[in-house]
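Okay, so subunit A shows up in both of these, paired with subunit B first and subunit C after.
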Partner chain A sequence: MRQKKIIPTDMQAARQLAEDLLQEVEAKGYSESMQFAIRLALEEALSNAIKHGNRYDPDKSITVEAEIKDDHTAITVADEGEGFDPAAVPDPTADENLEKPSGRGIMLMRAYMDTVQFSKRGNQVSLVKNRC
Partner chain B sequence: MTALAHKPLRLDVRREGGAAVVKVSGSVSISDANRLREQLEALAGEKVPVIVLELSEMDFISSLGLGAIISGHLKCRHHRGQIKLVNPTAAVRELLETTRLTKLFGVYGSVEQAVRQA
Partner chain C sequence: MAEQSPRFKVVSEGDVSVVEMLQKRIVEEGTISEISGQLYELAAQAGKPRMVVDFANVTHMSSSALGMLITLHKRVRERGGRLALCNIRPSIFEVFVITRLNEVFKVCAGRDEAVHEAASA
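== the complex of A and B ==
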């Protein structure tokens, strides 16, 4: 069943949401490495929404839709920001960017999930992890 | 309880020789990364020559936590200090390799080894 949750622009609320969804992922019997991957991608999407999307604006919210099935997990995270062009984000693994404290979120979502799709405006990301 | 969730972050600091050893336990979730950043920046502010992060019981970290370690590294560099990583779990080691941060930080098998090679 697809579930929809709306949380405030707040790291604690985001952490709680991530933990709640991860409990469901574990209850489905996903391996620890898959749980790690889903949690990582979800936290990256949520922190991007808080920092870069809603820019910590407490009047804005984040909408998360999740479908946790036996064969896959699909999560969509949407913020109320202006969006961005993911292609314009520099490669964080390039030598000249290794010492930058931020900018790894999108690369990690792509590395750990099977599908990562941004909306045209760039304020919504859809993540899919297929169970293997 | 899940394998990853509900494991609160714990930071235990001790001194070994001239190094500060920070044992990181639990998860560095998005709401905990600032605690790690503040701890590392405080040690860097004391001009500790080597900060060793003992990671064998840290089961999760995201890019915010990695950014906290990098912030500590940048602050350490002001006094030619270093941050070294010890015994990350397989999942965290893979994350360090995926981000190529193994190029930035030495990864050691034991605290003794990390301190000895300071």
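== the complex of A and C ==
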């Protein structure tokens, strides 16, 4: 069953939501490495929504839709920000960017999930991890 | 001499300050902001900072935590010092490899090796 939750722009609320979803993932019997991957990607997506999307605006909210099934987990995180162009984010592994302190979140999501898709506006990311 | 913090503990080994992370998860902005402020201060206190960060207790790190380490590394180097990391569990080390940060930091398997590395500044 697909579930939908709306949380305020707040790290505490995001942490609680992530914990709740990860408990469901664990209860489904996903391996530790898959749990690690889903947690990492979800936390990066929530952090981006709070920081870069809603820019810590307490009047804005974050909508999370999740489907945790035996064969896959799909999570969508949407913020109320202006969005961005993910293609314009520099490659953090390029030599000239290696020592920049930010810009690795999207890359990590892509590395750990099977599918990472941004909406056209760029204020929503859909993450899918297939169980193997 | 050992300094205490809820997030980490600092133990002196000769001229090297060993920062033992006590926090399992270095993920949230508030936590990272608190840790980074204290670590940057620690680096600024030493004439030539020789530092080790021990991750034995850490199970999760975010990209923001990596950013904190990069900034700490820069500040230590700017003062002619040396930073080494140790006891990073394989799941987190994979994050370093994916981001190529294993090429930026001196990552040691154990603390003794890391202390030796930091002391070589």
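Just so it is clear, the second predicted complex is superposed on the first by the 132 of 132 C-alpha atoms of A that agree within 3 Å, B and C clash if a C-alpha of one lies under 4 Å from a C-alpha of the other, contacts with A are read in each partner's own complex, and residues count from 1 in each chain.
Note that a contact is a pair of C-beta atoms (placed from the backbone, for glycine too) under 8 Å apart; a residue touches a chain by one contact, two chains touch by 3 or more.
Model, not experiment: these values are computed from the prediction.
*Asks:* Would you mind checking whether subunit B and subunit C clash or fit side by side on subunit A after the superposition?
*Replies:* Superposition result for subunit B and subunit C: clash.
*Asks:* Which holds for A:L98: it touches subunit B only (first), subunit C only (second), both, or neither?
*Replies:* both
*Asks:* Output check: A:A111 vs subunit B and subunit C. Expected answer is one of first, second, both, neither. What do you get?
*Replies:* In the superposition, A:A111 touches subunit B and subunit C alike.
*Asks:* Just to be sure I read the superposition right, which of the two partners does A:S61 touch: subunit B = first, subunit C = second, or both, or neither?
*Replies:* neither
*Asks:* Mind working out whether A:Q23 is in touch with subunit B, subunit C, both or neither, as first, second, both or neither?
*Replies:* first
*Asks:* In the three-chain superposition, say which chain, subunit B or subunit C, touches more residues of subunit A.
*Replies:* Partner with more touched residues of subunit A: B.
*Asks:* Quick check on the superposed pair: does A:Q35 touch subunit B, subunit C, both, or neither? Answer first, second, both or neither.
*Replies:* first
*Asks:* Let me test your reading of the model: by the given contact rule, A:S126 touches which partner, first (subunit B), second (subunit C), both or neither?
*Replies:* neither
*Asks:* Same subunit A residues contacting subunit B and subunit C, which ones?
*Replies:* In subunit A, residues 11, 15, 33, 36, 39-40, 43-44, 47, 50, 92-93, 98-102, 104-105, 107-108, 111 are touched by subunit B and also by subunit C.
*Asks:* What part of subunit B is in contact with subunit A in the complex they form?
*Replies:* My answer: residues 2-6, 29-32, 60, 62-64, 66-68, 70-71, 73-74, 91, 95, 98-101, 103-104.
*Asks:* Hey, which residues of subunit A end up touching subunit B in the complex?
*Replies:* Listed in rising order, the residues are 11-12, 14-15, 18-19, 22-23, 25-26, 32-33, 35-36, 39-40, 43-44, 46-47, 50, 92-93, 95, 98-102, 104-105, 107-108, 111.
*Asks:* If we count contacts the way the header does, which residues on subunit C are in touch with subunit A in the complex?
*Replies:* So the residues of subunit C in touch with subunit A come to 27-30, 60, 62-64, 66-68, 70-71, 73-74, 91, 95, 98-101, 103-104.
*Asks:* Help me check something: in the complex, which residues belonging to subunit A touch subunit C?
*Replies:* 11, 15, 33, 36, 39-40, 43-44, 47, 50-51, 92-93, 98-105, 107-108, 111
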